[in-house]
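There are two complexes below, and they share chain A, which is joined by chain B in the first and by chain C in the second.
Let's turn to the complex of A and B:
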């Protein structure tokens, strides 16, 4: 099982953080365009789901699968969006994404006085990246194929 | 385990077939006294609850009727039924069309009985959603981190699951089901079979146009029924 990449979006649509562990296909656009596309895409998936649903939704959109990857989505009530791409064999990892938010993001970004919640998380937030890598590589869904 | 609805989308994103199998009807009627706890928002479809969920009335529900009189969009016309029921009222009858939100903000109209409900999709909205899905499908394969990805095959929420099967010819078959419903892929493959048998072999059907073939609808319904009962779309 494989973890591909992670996007974190602010509620205004800005991409706060992007990290990839394994990515076999790059898009033809620049990274900035890709973030915009991803954010707009998630926005339309959310409104699509909201309108199509036959009953009232609680959490709303959770994930989708294609033939080779699964996009997992978690949104905090403050509007932060976490998008983690994994392979298809991964079951519901909502609690993992929540844990990622509550233990890594809150502890090393929100509680860091030098880091405003609106800022793009760049490479000098070493401790955040380090802890994130550690968290992801300790997951059971992160396997050997990922490390090579 | 339920199949809610079934759609067919053509190669250019147009909805060519839609069938509603079992959509739960969410309606609630309650009597309220002044002031109301809800905050309403005017939309194209009428007054929508924007804030103040209570007693099963959720954000996003619209006002369907007030005191038993149907609401049309944002307006309500009390004159129509009262003039039929009561001959005396006919003389007073003037323009009695009210704006729903204004009517509810007037304390003299209370107590009032309001029926709320989750708005249903109309034909036009289904068309829009089908073409949105068509582009979502394409973007999902563009944003793939892995080579040779198709578009969305299975979309999950906490309340329903949307399965999509795209044939080699580019026709998409969609089924909206309960999250626990299994074997939906088999249903979609079966409906592709039915599509080739009953829609395409119909001499009056032109390709990529809406399917108005009663036999197709009937057999799709049978397949869905059989999936719900036996777990397999084949009878």
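Let's turn to the complex of A and C:
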């Protein structure tokens, strides 16, 4: 199983953070365009899912799959959006994404007074990136990311 | 006695709570020195609370993974009193005095740890809203979950009232930001 890349979006639609571990095919657009496209897509899917649901939604949009990858989505009540792309064999990883938020994001960004919640997380946040990499590489679903 | 034994004898929660109370007291005293008008002091305490609340909400949600978005204001009041206050101040205020439209309620703070060793001096000191930081924190935290509220103390034990009453009023629901170029 493989972890490809991670996006973190703020409530206002700005991409706060992007990291990739394995991404063989790069897009032709700029990164900025890609973030906008992703944010717009998530927004649309969310409202689509809400409107077409035959019963009351509890968690809303969780993930989607294509024939070669799976996009996992987690949104906090504060509107932070975590998007993790993995391969298809990954089951529901909502807990993992919540853990990513509570142990990594909250501990190393929210509790760091030098980071404002609106700032883009850049390479100065070494601890955050280090802990994130450690967290992701310790996941059982990560085991084959580097082998394939 | 070995070191581990000493450690076990101290109630850590109690120690941190007293430290918090005294730190907050030192802090209010400093602001009172820095500003001439008590109104300005209240404003500053509120602002500091707001900045704390904006961050605290993420910590709160991380610790309480079962809390999702609230569907109505009554649920919000419940989470605020039973989980929010419990987590950070170790007390559970009671919720009373609902307005007929369910958009306003009161929290009765019994045994507020912030005011444990506090007495307000006579004179202009009586206008000080000592707990104002709590108001700011609630406002900041709820704003992050798309709720705009107004928060104020209507009764205060420090000012001779029988109880400390915090009034929370729902103003409006903030909407999700639309991506650029969409309606």
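The rule is simple: the second predicted complex is superposed on the first by the 144 of 148 C-alpha atoms of A that agree within 3 Å, B and C clash if a C-alpha of one lies under 4 Å from a C-alpha of the other, contacts with A are read in each partner's own complex, and residues count from 1 in each chain.
Simple rule for what comes next: contacts are C-beta pairs under 8 Å (C-beta built on N, C-alpha and C of every residue); 3 or more make two chains touch, one makes a residue touch a chain.
Keep in mind the model is a prediction, meaning the values are calculated, not measured.
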Requested in this report: Applying the touch criterion given at the start, work out whether A:20 contacts chain B, chain C, both or neither, answering first, second, both or neither.
Outcome: first
Report task. Would you check which partner chain A:96 touches, where first means chain B only, second means chain C only, and both and neither mean what they say? Result -> neither
Query raised in the report: Taking the superposition as given, does A:6 touch the first partner, chain B, the second, chain C, both, or neither?
Result: neither
Report task. For A:78, decide between first (touching chain B), second (touching chain C), both and neither. Result -> second
Report task. Identify which of chain B and chain C touches the larger number of residues of chain A. Result -> B
Query - Partner chain(s) touched by A:45 [first = chain B, second = chain C, both, neither] - result: first
Requested in this report: Please work out whether A:132 is in contact with chain B alone, chain C alone, both, or neither, and reply first, second, both or neither.
Outcome: neither
**Report entry** chain A positions touched by chain B in one structure and by chain C in the second
**Finding:** 44, 58
Query raised in the report: In the complex of these two chains, what residues of chain C are touching chain A?
Result: 54-55, 57-59, 61-63, 65, 67-69, 144-146, 176-182
Query - In the complex, chain A residues that touch chain C - result: 11-13, 36, 39-40, 43-44, 58, 76-80, 98, 101-103, 105-106, 110-111, 117
Query raised in the report: For chain A, which residues are in contact with chain B within the complex?
Result: 4-5, 20, 22-25, 27, 34, 37-38, 41, 44-45, 48-69, 71, 85, 87
Requested in this report: Please give the residue numbers of chain B that touch chain A in the complex, ascending.
Outcome: 4-5, 23-24, 26, 58, 60, 118, 121, 125, 129, 132-133, 135-136, 139-160, 162, 176
